[in-house]
Amino acid sequence: MSHVTATRQVPVASQRESDPVRVAVIGLGRMGSDHVERIVNDVAGAAVVAACDPDEGSRQRHERRFGITTFTDPEAMLDGCPVDGVIIASPGHLHVAQVLSCLERDLPVLCEKPLAPSVADGRQIIEAEVARGRRLIQVGFMRRFDDHLAELVATVHADEIGVPLLVHCVHRNPSVRPTYVSENSLDDSLTHEIDQLRWLLNDEIVAVNVLVPTSTPKAPHLADPKLILLETASGVLADVEMYVNATYGYEVRCEVVGSEGTASTHIGEGPMVRRSGQVHQRVDANWGQRFGASYRRELAAWVAGVGSGRITGPSAWDGLVTSHVAAAAVESYRTGQRVPVDVLETPALYQ
Amino acid sequence: MSHVTATRQVPVASQRESDPVRVAVIGLGRMGSDHVERIVNDVAGAAVVAACDPDEGSRQRHERRFGITTFTDPEAMLDGCPVDGVIIASPGHLHVAQVLSCLERDLPVLCEKPLAPSVADGRQIIEAEVARGRRLIQVGFMRRFDDHLAELVATVHADEIGVPLLVHCVHRNPSVRPTYVSENSLDDSLTHEIDQLRWLLNDEIVAVNVLVPTSTPKAPHLADPKLILLETASGVLADVEMYVNATYGYEVRCEVVGSEGTASTHIGEGPMVRRSGQVHQRVDANWGQRFGASYRRELAAWVAGVGSGRITGPSAWDGLVTSHVAAAAVESYRTGQRVPVDVLETPALYQ
Amino acid sequence: MSHVTATRQVPVASQRESDPVRVAVIGLGRMGSDHVERIVNDVAGAAVVAACDPDEGSRQRHERRFGITTFTDPEAMLDGCPVDGVIIASPGHLHVAQVLSCLERDLPVLCEKPLAPSVADGRQIIEAEVARGRRLIQVGFMRRFDDHLAELVATVHADEIGVPLLVHCVHRNPSVRPTYVSENSLDDSLTHEIDQLRWLLNDEIVAVNVLVPTSTPKAPHLADPKLILLETASGVLADVEMYVNATYGYEVRCEVVGSEGTASTHIGEGPMVRRSGQVHQRVDANWGQRFGASYRRELAAWVAGVGSGRITGPSAWDGLVTSHVAAAAVESYRTGQRVPVDVLETPALYQ
Amino acid sequence: MSHVTATRQVPVASQRESDPVRVAVIGLGRMGSDHVERIVNDVAGAAVVAACDPDEGSRQRHERRFGITTFTDPEAMLDGCPVDGVIIASPGHLHVAQVLSCLERDLPVLCEKPLAPSVADGRQIIEAEVARGRRLIQVGFMRRFDDHLAELVATVHADEIGVPLLVHCVHRNPSVRPTYVSENSLDDSLTHEIDQLRWLLNDEIVAVNVLVPTSTPKAPHLADPKLILLETASGVLADVEMYVNATYGYEVRCEVVGSEGTASTHIGEGPMVRRSGQVHQRVDANWGQRFGASYRRELAAWVAGVGSGRITGPSAWDGLVTSHVAAAAVESYRTGQRVPVDVLETPALYQ
């Protein structure tokens, strides 16, 4: 595994202040408490000093286990506790108010995706950040910090396969929560591929078409799998298999087809075991196993950015554009039509 | 490599007459002369006794090298020379007349694809064969005799991955002849995937949609690559990347995505060489290298069928339906629209 | 799979007499009857016209199934039936007399390994062949006709990895017959690796050392596995894992370590199946599955050699030297010592 | 990549004191300064507060870059600066005195390998640690913290392949420093495999035999490669290819052969690139690239152990036994003989 690659991705402060970065966390659900645990155990130069969540049990567990001061109300926390940066891992519909509240205090934010429930809401955040004149927000597209994907992207950017023409993506989950609806594979799961394609191709998506074959008998209430076609401004065509009840494991794959060759993510993890007529390798069980190291690097990069005053990860604009394309995907799914996507003009702050 | 698999595919006569099957070949271009050489050197129980071609040099080479009696005219050959079966490897627009001529003589035929230049022409052949009341024609879809694909199909048919939902195919050539036009990747190259999908899924294709991204700078006069979407009657969706100027080599891949797992063709051929910072394997250089063994098995199966009086390989009906779907693909390419394909009623002879 | 490679290996007559090569088979046990079936079904230009075996049932089956005239006595067969070449697949202790009998009649022979039960016996054969002044014998080292190994050897011979320094070999069987004794992994199984190393390295073996770890509980009566160290005249060191109760399948692997890189046989056969948390490929079940195509090419090459009057496959000398080294391996196993092997002077006929 | 696996390996304090672990580093050469940088940038809950090195430039760089107080003399540093743990990365012959000095102060130590230049020296350390009645020393065998190897070991320990019988190891470096002598591949490089085998097999090595084939022309002054045979008390036989001028890259591989199957490290890193007739993946360039993440986890585990007062990584005893076996390997290399290794009685502290 290449640390070199990760280093290219994540600018790290070459000098570190002796005082750790003080982090507050809004939301102690699964994602928020995972972030707390990673910062405490795996990220250098940071300390979680405060957290808030409406659930008392969750607050008490974090107080007891990590010695964190907890609150029920984010505003009370931000007023009552001096911090250097805020991680927002609350439900998506609360993001806008919480992000704006941090921006008002000039506090750097790591906001889980989606940045906002609608493009209009996202616009408010963009305007507020632009008004402050510098980047304060990083959005939680952790794939940009994945060694495997970063090396694939670097291979393409280094022109090893010529001009990209087609991209084939696969995104499979073993299963999903009972409350997952068909649109979630577009407005939630697919956002990772949308951001990944923009990162990979340095290009904007101009049309989306969602195709729905026969659904798996494992989830007859869902349209699953789907095949999503994404077209870019320069004419690249990407197809994404989104399959959230694949049963056998979690897999994210990508092959970029260029004018001089192709590059694809590698295959197989763990020991090669020969037994009973087969040679096998395990497949990752879930996204936590697949992307655990990426979350750590995402947090480390953000902490370094907070420390140095320079946030460089995926931006609020990346979050907004992704939501914009995802909304078109949902429309395509509902109408059964290919939906053109207008390219939003990028504010100067994000160019 | 599994011979077991091949044996499943190719019913072989358990007893063999002492006299070899006498074969005539119509057309001594590349494909025809390859077939002659394979029968002479690699197929048991057969002898090429006659061949015809308008080109004198080609005729003389085959007379000299293999002691074959040659003719300029197929009719003269069939009238003048007792044979047990005929291989037709002439240009496609000549197939109808030549196949009909063989059927009139009750001679088994191995006809290279396409069976006929149009569906209407193909109908004549079907009617003639149906009128004779038994199968005499095998069409040259040699992939059905490929060990790798046969084992993939057997895996799916054995229900190892549950119900098929999606199929991803890749078909890449390093380059194509100067006379190749954009439609040829649909009416020629794609026919292999059409037949392969029908074989794999036991299902008929009901719609086709040809998508065209930016073309490769290697062949600016062509729409290359293409992404072709094929929908089946039972709701399976297949995407086929057709890319005939991929430069790096020849590759045919297939992944079938099912309700319990997926199955895909393997990756990499030849020794694994570690050198200069890489581990690499070769990619096949061309279809002859990839499918050489499949052609041999195709011929062996046909020869066995001629010997036993029972032709079982891909049928004239498979050839007709494939042309029918390919014609819809060409229409989709020309109109830019998804084209529904009506399912033809299968005559009893082919059920 | 590369046919090109096979073609390099197997010189094929560019012209073929119209009459097929008439083959007699001595011994209709498993190997002999497999050879009969392959020639009848899979080898062009040959016919099995006679066979002999002491077992009446076996004779009758072959008469009935393939129309072959059978005999109980090899001499009677050779006297009574005109043939062009003889395949010897009888028990090893009968080989010397049978080979000599064929040589007296100037008949080309394909003799299964071992050529002779002892080096002294083998010397008689060599002297007889040398006395006739030309090669008439091919020994059944079918690995030389395996596409995968041939391509590995070609890679090394093409100097892609520099000077060979080490070779790692693995030879695993799922299980062995009840009568198999510990020495058989040396005087039988290992002969394939001995011949393979001489072919690969163009070098002679000068010492052998057999190491015996704890045996598998699957076969407590055997010394299994073994690790055999073979040293060559030019100083290459080869280690061979010989493990005949590996349970999981049949595998033959080889990695050649050179001064500029390494080359090794590829890994994994058949479709890649993702299911239940794993991605797996099958392993071959037995040597018939692994080397079926190699046997076919071996026979085709020998038939072509009989037809053209020029036998070029592994020679009687290769058979003799292999037995010579295998005898040293048995001595090493029995004494627990490294055993030097004197290099035999190669007669001019085999240089 | 499995974080689960790492977690199994590295017991992490579930609660963390608010004050970071204060670390002193002895030796600011490549290894020492890499450790400093990893602690500062990548390890949670630790701070490098002091370092010592005879080289002024190196001291100044670390003061300037990381704000670390530096010293020329380890004793002065330990006397003058309150610390919680010490990393020793000085030249090997200085280890004994420095480790003993730390033990006298009851300070936990992470000591780079070799623990001591001789077994006799190592005994002094063992006696001092035993006298203190608890483990204070972790030795720098970072492979125990490698995800890939840990998962391989876990597979074997979980009895997935039955009883281990043979182990095949490969250890290749692209090249070595000019001062590297033939013995270094045994007393330095091989120590990693010795420790790895003891970890993997829970077994002691009882004999070693070093075999030397022709050396690579790339390093005619060295005996390179070597094949080292290691026998364990329970009869497992391990062969280790040690090749330090392999030119093409850095590779560490291991296949364990058991009574029910085999398990081996996976093959290939980074994207699969198809180009120019090949599909290739990169090979790691050096041990830093291969084991960067392992060093981080090693440090994190040691820091956690210092924090919790419980050191659990590879012990001083592991370091001593490894040196003991390595000394036998050097003797075998020099004498050309197999050298028996007596099994040292493990003190109670390390059982």
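For reference, chains read A, B, C and D in written order, and residue numbers begin at 1 within each chain.
Just so it is clear, contacts are C-beta pairs under 8 Å (C-beta built on N, C-alpha and C of every residue); 3 or more make two chains touch, one makes a residue touch a chain.
As the structure is a prediction and not an experimental result, all values here were calculated from the model.
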Chain whose Cα centroid lies at the greatest distance from that of chain A: C
Recurring contact interface, reference A-D, options B-C, A-C or A-B [over half identical by residue number]: B-C
Between C-D and B-D, the pair joined by more C-beta contacts: C-D
Centroid distance [mean C-alpha coordinates] between chain D and chain B, Å: 57
Chain centre separation in whole Å, for chain C relative to chain B (CA means): 36
Computed distance of Cα centres, chain D from chain C, in Å: 45
Residues of chain C engaged with two or more neighbouring chains: 247-248, 260-262, 267-268, 272, 274-276, 281
Chain B partner contacts - residues on chain D that touch it in the complex: 248-249, 251, 267-268, 272, 274-283, 285
Chain B contact footprint on chain A (complex, rising order): 162-163, 165-166, 168, 211, 213-218, 225, 227, 229, 231, 234-237, 239, 241, 243, 246-248, 257, 259-262, 267
For the chain A and chain D complex, residues of the former touching the latter: 1-4, 12, 14-16, 18, 20, 39-47, 65-67, 148, 151-152, 155, 160-161, 260-276, 281, 284, 288-289, 292-293, 300
